Structures are given as structure tokens and as C-alpha cells.
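Here the chain labels run A, B and C in written order, and each chain numbers its own residues starting at 1.
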Amino acid sequence: MNVYDVTNWKPRGKPLNVYEDIGAVINAMIKDIKARQTDQAAKPGAVIYIPPGDYSLKTRVVIDISNLTIRGSGHGFSSLSIRYNTDDTSGWHEINPGSSHIKVENTDGQNEAILVLRDGSPRIGAVVLENFCLDGTSFDGDQNSYINGKTGILIESDNDACRIRDMGMVYLEHAVVVRGADALDVSGNFLTECGNGIELLGAGQATRVSDNHIGAGPNGYSLLAENHNGLLVTGNNIFPRGIDSVHLRDCYRTNISSNRMHSFYPGMVTLEGTCKENLISSNMFERQVEGFAPFIGVGNGLGDDFGVVQVNGDGNTITSNHVTLIIPSDQVQPAGVTPTIFRIKRGDQNLVGANHVISNLGVYTVYLDADTTNSHVFDSGAEDQFHSDSDSYGFRATP
Amino acid sequence: MNVYDVTNWKPRGKPLNVYEDIGAVINAMIKDIKARQTDQAAKPGAVIYIPPGDYSLKTRVVIDISNLTIRGSGHGFSSLSIRYNTDDTSGWHEINPGSSHIKVENTDGQNEAILVLRDGSPRIGAVVLENFCLDGTSFDGDQNSYINGKTGILIESDNDACRIRDMGMVYLEHAVVVRGADALDVSGNFLTECGNGIELLGAGQATRVSDNHIGAGPNGYSLLAENHNGLLVTGNNIFPRGIDSVHLRDCYRTNISSNRMHSFYPGMVTLEGTCKENLISSNMFERQVEGFAPFIGVGNGLGDDFGVVQVNGDGNTITSNHVTLIIPSDQVQPAGVTPTIFRIKRGDQNLVGANHVISNLGVYTVYLDADTTNSHVFDSGAEDQFHSDSDSYGFRATP
Amino acid sequence: MNVYDVTNWKPRGKPLNVYEDIGAVINAMIKDIKARQTDQAAKPGAVIYIPPGDYSLKTRVVIDISNLTIRGSGHGFSSLSIRYNTDDTSGWHEINPGSSHIKVENTDGQNEAILVLRDGSPRIGAVVLENFCLDGTSFDGDQNSYINGKTGILIESDNDACRIRDMGMVYLEHAVVVRGADALDVSGNFLTECGNGIELLGAGQATRVSDNHIGAGPNGYSLLAENHNGLLVTGNNIFPRGIDSVHLRDCYRTNISSNRMHSFYPGMVTLEGTCKENLISSNMFERQVEGFAPFIGVGNGLGDDFGVVQVNGDGNTITSNHVTLIIPSDQVQPAGVTPTIFRIKRGDQNLVGANHVISNLGVYTVYLDADTTNSHVFDSGAEDQFHSDSDSYGFRATP
């Protein structure tokens, strides 16, 4: 009764074609659930199953009930970037993503494939979106713009204990956007070739972002969080490109640990605004240069003295990371600048200890700006790799 | 044949109403499986599916066969604590947890919703409980007691390669209790607003507790392990309250790394008894004070000199952690005491290195008691933040 | 239409018995999918469901389409090693693995249960194998040889975004073998009592191996990777035995962090060939000696001076690990040698910092060979626990 299959549902009235508009079908199912579950004490929700198939979504799905699971049978990711940058794909086996494959082709004037939004109390909760594919199908212009105005999932109102997992998302300008998250779980997803991967906006707390494959476009974030307390970012493999791999804005007590990050631009992890007491530990940072022809020459506008990691705020901790930075000397931006690994731009009591940096260039492993105080720097490079514009610090070179 | 649906099963004889007692239905299914699978060489078990819905459990489920999966379609967590502490919920959309939602309302004189127990050989194995909701519905008294005598899942006999994942559990005095675990996997669960989260009792080895959201009540443990060797605790976001976030009793070679923990009491991680050679690394510890009205003034009875982390035993390792401790000075307990971060109470060869502590107060970042020998303390605070009652240690201040 | 159940499929023509040969059934399904999905732009693939049951596989499954999910309802692992090393199992409840249980009994002259292979473009992608059991049923000779020529899953051609998860595999000489992996995800599996666990051969990039229980035989690897860039190995609980827990050959920028490893032989983590800029951080290493009678006296041929971790290559980083090495002194191999923890055999700019070693023996915590340059060693043991045959290093003892 609470199990729906999008390919096998016969509501009364006008029939709907799920392949032409899966959004309309899912909305009709949600309407049906709400019509059946009217007792405040008994709203278990439902599971809506999407079998493997190619579906178009023309109408935005609006989820305004708790306890709804939408589940497919496969993330179905396939690289559209390689396809569009290949001259002749006429001999290819297949040219589109697949599995439970939803083409995001709104004709309703909306930008999102799925919107989660509910006013009143309690916060909407336990919405689970798992194991299907949201495919934006194309970007504007030459297909390498990463711009099309499309969003995969937007959770707009405050929410509790929601889950987004095992999804595939491709060629969306925004893959996952969540405002007001509490105990959100974003895990096991393939969020690649999207303008932005995961954006946690407004504010939030106690979220997990783990075990994902993520790679944003050159003008977006792989992971962006604002005003979050207690975000845990672990076990992710974050590919290029992305303005940042992880960008924190005014976040407190994030734990970014045991991730692998790979980027072609400065600023892989940026702590912007006033970021306090965040931990960056046991991560692998690989900073290389672009090698894929369509993106050569594209950058994020930052200089190589910005830092592979840049910190603004107080009491942050950077320990036990490995950083490799390899840039052909003639590609350093701006020319002649000394590339920087850990740049502490502003703040009190930041600590950088027991990190290891490998580079083909002369670098500053740690650079303290004038507006820093009581910094602690140790075992993170040689004395001549350290620079400070402030007098307020402790330093010890790696033996 | 080995796929059961609790809402669509017609055994011969007296019909059972799954909504009135899902426990009786599942027990009847297990009886059916055992009647059909009698060949020692061919006991594949079965999967029992629980669609979204509201079920009461009046009879304890007893699992005495290996290879049984009980699977729902959603953890369905919803905060009962917020609900019960809200004056008027008449306008709320919903007031109960949902998805595959089981109200634990035993009338059989038992305390557990699910008991896993089998004598003889081999140990019971490959039992999988996943993706449904166990809801204790209410606590005694004012609903903030976290006491009702109810247990969600109890694995009582020695077991191998069992899995508890993606579950939601709420308002149970004990969520998950496992004795004699080998290669247990507890992952992806929302175990919140339970008296205790995960209790690994008796003894065990080679267990993983990962990727969970956990938050116990003020008089219980978020995670307790006894006599475990080789327990891995990683990727968890552990909320308040909980006597401890992680409590180890006589455990060896645990790895507690890459977690985020948040607590309102001293003793977030406690190594009790004789705990040897455990690793605590790359964790975010946030020690704050209670802000939720119903629990203001409630504590775990420990003083702030107990340590955010307290170690009893030998050869333990504490590295690369960030600790924030913020307590209004007039709330320090007992008044006038110096709050302590890493307290090495007893033992030989414990190491505390490359940790970072931020506090609004003067603290001891490391405190060595008289009964400690050969401790190693470095890069974990200033000299005046270090205290030792023993002469047997090495110390180096953070630069 | 794209949902298949192996127990409920009636193709035209000769009927197939799924219990006698599940391989033939799955191959027929794949043929059916290919016959139906012929449009290059619309190949969503399918999901093939394997309910709990005992199936024999006599014909190798060949997957040559993208977007195929094969899914069971349970990993079904059960220890065959304990069974075969027990004199009398006549009173046992069950003697075989279960759940969605496939006995790998090829009669087609092939070695693999499942082969993934496709030529041409694009690379095969989004193949998902999840939550069933591949059981090799027996090893040659006395059942403790870990040799039978059988492979569970072989992905032979270049591949993108494939997933192997939640599987149980037992008594296979090779559990998972993948060549040419890109963005592979191997997670949540029980790969135990197999000759080798996971072998990532040829080359690869950006793979995640996480959250697994793994334990290879004495003559195989729990995890082997060749020519991989950006492999992330985290959250795994790796049991004995295994030549190595993790063996890297010519790998770059791997992150091995937050794992628990347990071994009976030297060389738990080996970086062979030219391994550059890999990170080994926040891991628990337990090096003990064999206690299970059938394997006493079996070793991997390496001496205890090989290193618990051995490094060949440049720029690698070893920080924040705990190592316990306990060997009865009369079992040290070869007799009289000083056991070694971190052995840097060859290479430039390797770093070993802030690790903690506990042993019952006098050990070298760090040993630098003559062919090492610019090594950095700090806070990883006492001065008399350090040995170098090279003059090119920095050293600082743990306080």
C-alpha cells in the first residue's frame, strides 16, 4: 500500500506517462500518500521505486511529507564530458547515463528536479533519495561551461535526518543544495561533472558528507558549507575541477579527515569568513595542472600564493596531511610568485603541525599573514619554507 | 520462496494481523523458514521485507537462524524529544516516526524488540537488520528520563559477520546490544534519543562501527565496548548527550579516528579498566554546555578535571585531535577546578602528541596522574597547560 | 521490464534451471537486455535480482553492458575455514554460506564467476554488484591451501564508476580483480577466507576501497594495487592472514588512513617498486603471531627486519599511526634479528612522524637503508630505536 512503482501505477483519472514526465507521476503519488495518510499520528510515508529505464522529468517533484523514500536501482553515471569532447561518438556503445536514469528537462519554469519544502512543525525529516541518476543532459554553449541553471535536489526548508545516497548526478549546475540541515547524511554518491557538488547553505549542524566521489566544474564548489557546526567530511574522493574541493564559510568545528583531494587550481580547501576550530587531518592533497584539452587555460582566478589551503579564522587545526604540488615553473600564476601550501591569512591560535609537502618548486609550506596571532607551526617544512608577516607565532622546522 | 513481505503473507491456520503484532508475524516466518530449510547443507535463510507502515510489536522477534535479512524501506527517525518537550503539537504535520516504523510495545513480558540467540555450532552469522525504524514510543515519567526498560536489538549469543545498518532507533533505553561479536558491522544508522546507542558487551573482535549518527541520553553511552580487540570506530557523528561518546572497558587496539563528537559532560572518551594500545586520532571533540531547557542542570556526575579524554591502561596513543572546550566559568564543576583535556590516570607508555586545544578557560591540556610511567607528551599545549604528579615522562611544549 | 528475478524468468526456448546454473540464466538475461536495448541513446541497463537461495554457477557470467546491477539480499558469509578445520560438523546447524548464495562451480573451463569485459568506447561503466555471496566451496588439498584457481569478480577492461559492495566472498583464490579502474568503489564487503581480497591491477585512478572486512590467505594480498593514482583506503578492518594487508606497487598519492589492520607476518603495508607521495595515517597496526593450529609455522617468507611497513620510493608520509608488535622472542625470524617497524628501504624525502610503537621486544621503530636520502624522522621512538645506514636524514626522538 505504501510501496509505489513509477512504471506500474494506475491512478484514477487522466493517465500519466512516466517516461514522458516522471515528475508528474511522483507528484501524483505524493498526493495519493497525503490523501491516504491524514492521521497526524500515523504518517509512515512510502517508498517510490524507480526501475532502470530512461525517464524525462518535465515537472519538478515537490516533496512536502516526511518519511518518503525515492529509490532506484543504480546510479548510472556515465561521463558526458568525455562524450561531448569526442569528435565522433557514432560508434559508441552508448552515449547517455543509465540505470534509473532521469533526464532533467523541466518545462514547468522551475530549475530543480526535486524540491523538498515544507513549512510548519516539525521540520521535514527522514526523506531519503537513493540510488538513481539525475542527468542535466547538456550544458550551455560548448558543453564545457558547467552552466545550465539546473539543480538536482534542493532541500529548501529546515530538515532533520534526511539522506541522499548512492545517487549519480551529472551535468547539473547544482547537484545537491540543502538549507538548514540537521543530521543530514550525504554518502556514497557519484556527483561528478556537475557545476557544484554539494552546497550546504544558510546554516546547519551535525551533518555527515562521506564516502562520495565528487568533482565539480571549474566555476563551482565540490563541497561548500555555510554556518555549519560539527560537519564531518570523511572518506571522500574529490576529483578536479572545482573552485575548491572543500569551501567552508563561517563554519565551526568541521572535521575534514581521511579524504583524497585532487585539484588543478589554488585553494583546494578554503576557510572563508570567520571559520573557527575546524580540523583538517590525514588528507591527501594533490595539486597538479590541467591536462584535459578543453580546460587548459581555465582557472579559478586565484594565484598560487593563495595557498593550497587557506585559513581565515581562529583556532583551526591542520595536522598529518600530505600535500603534493607539482606545477611546471612556467605555469605558476602570477609569474614569479612563490607557491604556498598552508596560508594562514587571518586569525588567532591556528595550528599547522606534522604535515608533509612535496613539490617540484620552491614553496612556502606555511605562510602567516600580518593579521595572524599566536600561530603554532611545527614539523611542516624547513625554515626557509616558512614565511611570516606577523611576529606572533611559534615555529619549529621539520628535522 | 525465500522472500517474505510482512504485509502479504498467508500462513495456514490462524491469521495474524501484522499491524497489531509484527513480532508474531516475523516469528511465524522464521518458523516457516526452519520448517522448509532442514538440510544442514542448504540453509540460505531468507529476506523479510517490511514496507513503510505503522506496526506494533507485541511479541519479541527471536532469530535463531543464520543468513536472515530483515529489511525495511527507511529509517524513519523523527525527534520525540522535541515533540514531548513542545507544549502544543496539535498543529504538527506528524507526531511519530515513520517509514518502516515499528512501535516497540511488548506485551509478552520481554524487553527486546529483536533477540538474536542460538546455541551450538557454528556461531549464528550473517544476520542483517537494515533500514527500518524501532521506536520505543515513550520514556518513563516526564519523557526525559531515557528509561523504559526497552531494547531494540539484542544479539545475545556469539555471532559472526552480522550487520546492523541504516536503522533508525528512538526512545529505547538500549538501542543495540551485542555480546560476543566477531566481524560485526554497525554502520549508517541513526541511533538517537536512545538511553544507550551501541553496547558491545562481554567480548568481541574485529568489529566496525562507522558512519553512524549516534546520540545517547544523559545516563547512557553512545558507544560502549568491553573486552574488544581491534574495534574500528570511524566516520561517526556523535551528538550529545551520553555519559560518554565512546566508552572502552578493557579494550585493546581500538582505532577511534575521523569522528566528530559533541558532548555536554566531561569524559567524552573514557578508557576504563585496563585499556591497552588504543588509538585516538584525527577526531573533532566539542565540549560545550547544555542549552536545551529540559536538561539544564543534568550532568553525568563527573568533574571537569576528569578529562575530556581519560585514559586508564598502557600504550595508548592520542594524536592529531582537535578539542574545543567552552564552559562558562561559573559552570565549571566542581567550582574552582581546572578543566582537563587529556587525563592520563594510570598506566605505562601512553602518548599524547600533536593535538590542539582551544578553550575559553585556563585548562590542563595534559594531566598525568601519579600512577603513570613513561608517558610521552608533545606538541599538545604550552608548558603551563601541562601537569604531572609523576616524574616519569617526557614533555615538549607546542612551539 | 528492466527488472529481472533469476528465480522467476521464462525466456522462450529451452528452459534454464537457475539452481543448477545461475550463470547461464544471468547470461540469457543480459542477452535479452541487449536485444531489447539497441538504441545507442537509450541503454539504461537493468537490475537482476537474486533472492536468497542456493545456486550453482557452472557458466561464467559475462557482463558487456554498462548500467547493469546484480543485486542479492545478503552477503551470507560463513566461515569455511573453521568448518573444514573442525573434526566433526555433523551436529552443526548449517555448514555452508547462505543468503543469496552462489557456489562457484564452473564447468565451462573458465576460472571466474563473473567477468566484466567490453571493447570499444566508452569504457564500460556503472556496473554494480551488490549484496550476494560468491562461495568457492573448497580449496585444494587440506582446505588450508587458499588455492583453487577460482576468481569471484574480474573486471578486465577499462571501467568507470563501477561498484562492488556489500558482497560476501569466501574460499576463492581471488575475490575481486579489477584492471584499469577509474572511480571504482569497493565498499562494505566481507571478503574473507579468500586467497586474495582486492587486486587493482594494470593501472587505475581515483578509487575508493572503504568500509570492508577483508582477510586474505597466507599467500595472497588483502589489498594489492598497481600503478594507481589517488586511491583512498579508509575505514577497513583487515584481518589476518595475507602476505600484506595493503601492498602498493608503483602507486602514487594513495591515502591509507583510519584503518585497522591485524597480521601475523612482517610487511603489513608494503610500498614496492617506485611508490611516490603516499600517506599512511591514523591506522592501527597489530602485528601478532599465528595462533590457529592449522597455520602455525606458516609465514610469508619475510624476516622481522623487513618492517611492519616497508617503503620504496619518494616523498611518502607516515604519521599518527599506532603499531603494536608482540612476538615471543623465540619466534623472531630469522633468529637474533632486530624486528623493525618502519623500514625505509629506498628513496628520497620520506617522512615518519608522530607514530607510537609498543612492543615486547627491542625494536627499531625506524630503519633507514643506505639508499635513502633526505628522510625526516621525528617523534616515532627513542634514539636507540632508530637506525640509519645513510647520513642523509633529520631525526628527533620522541620526548
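Here, contacts are C-beta pairs under 8 Å (C-beta built on N, C-alpha and C of every residue); 3 or more make two chains touch, one makes a residue touch a chain.
Small disclaimer: the values here were computed from a predicted structure and weren't measured.
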item: Degree value of the rotation bringing subunit B onto subunit C, based on Cα positions, nearest 5; value: 120
item: Interface sides of subunit A and subunit B: same vs different residues, half threshold; value: different
item: Chain centre separation (subunit A, subunit B; CA means) in Å; value: 29
item: Junction residues of subunit A, two or more chains touched; value: 211, 234-235, 257-258, 281-282, 319-320, 354, 379
item: Contact footprint of subunit A on subunit B as seen in their complex; value: 7, 51-54, 73-79, 82-83, 86, 89, 91-101, 168, 188, 190, 192, 211, 213, 234-237, 239, 257-260, 262, 281-284, 286, 319-322, 324, 354, 356, 358, 379, 398-399
item: Partner subunit B, residues of subunit A touching it in the complex; value: 1-3, 40-47, 65-67, 69, 71, 118, 120-122, 125-126, 128, 160-161, 163, 183, 185, 187, 206-208, 210-211, 229-232, 234-235, 253-255, 257-258, 276-279, 281-282, 314-315, 317, 319-320, 349, 351, 353-354, 376-379, 394-396
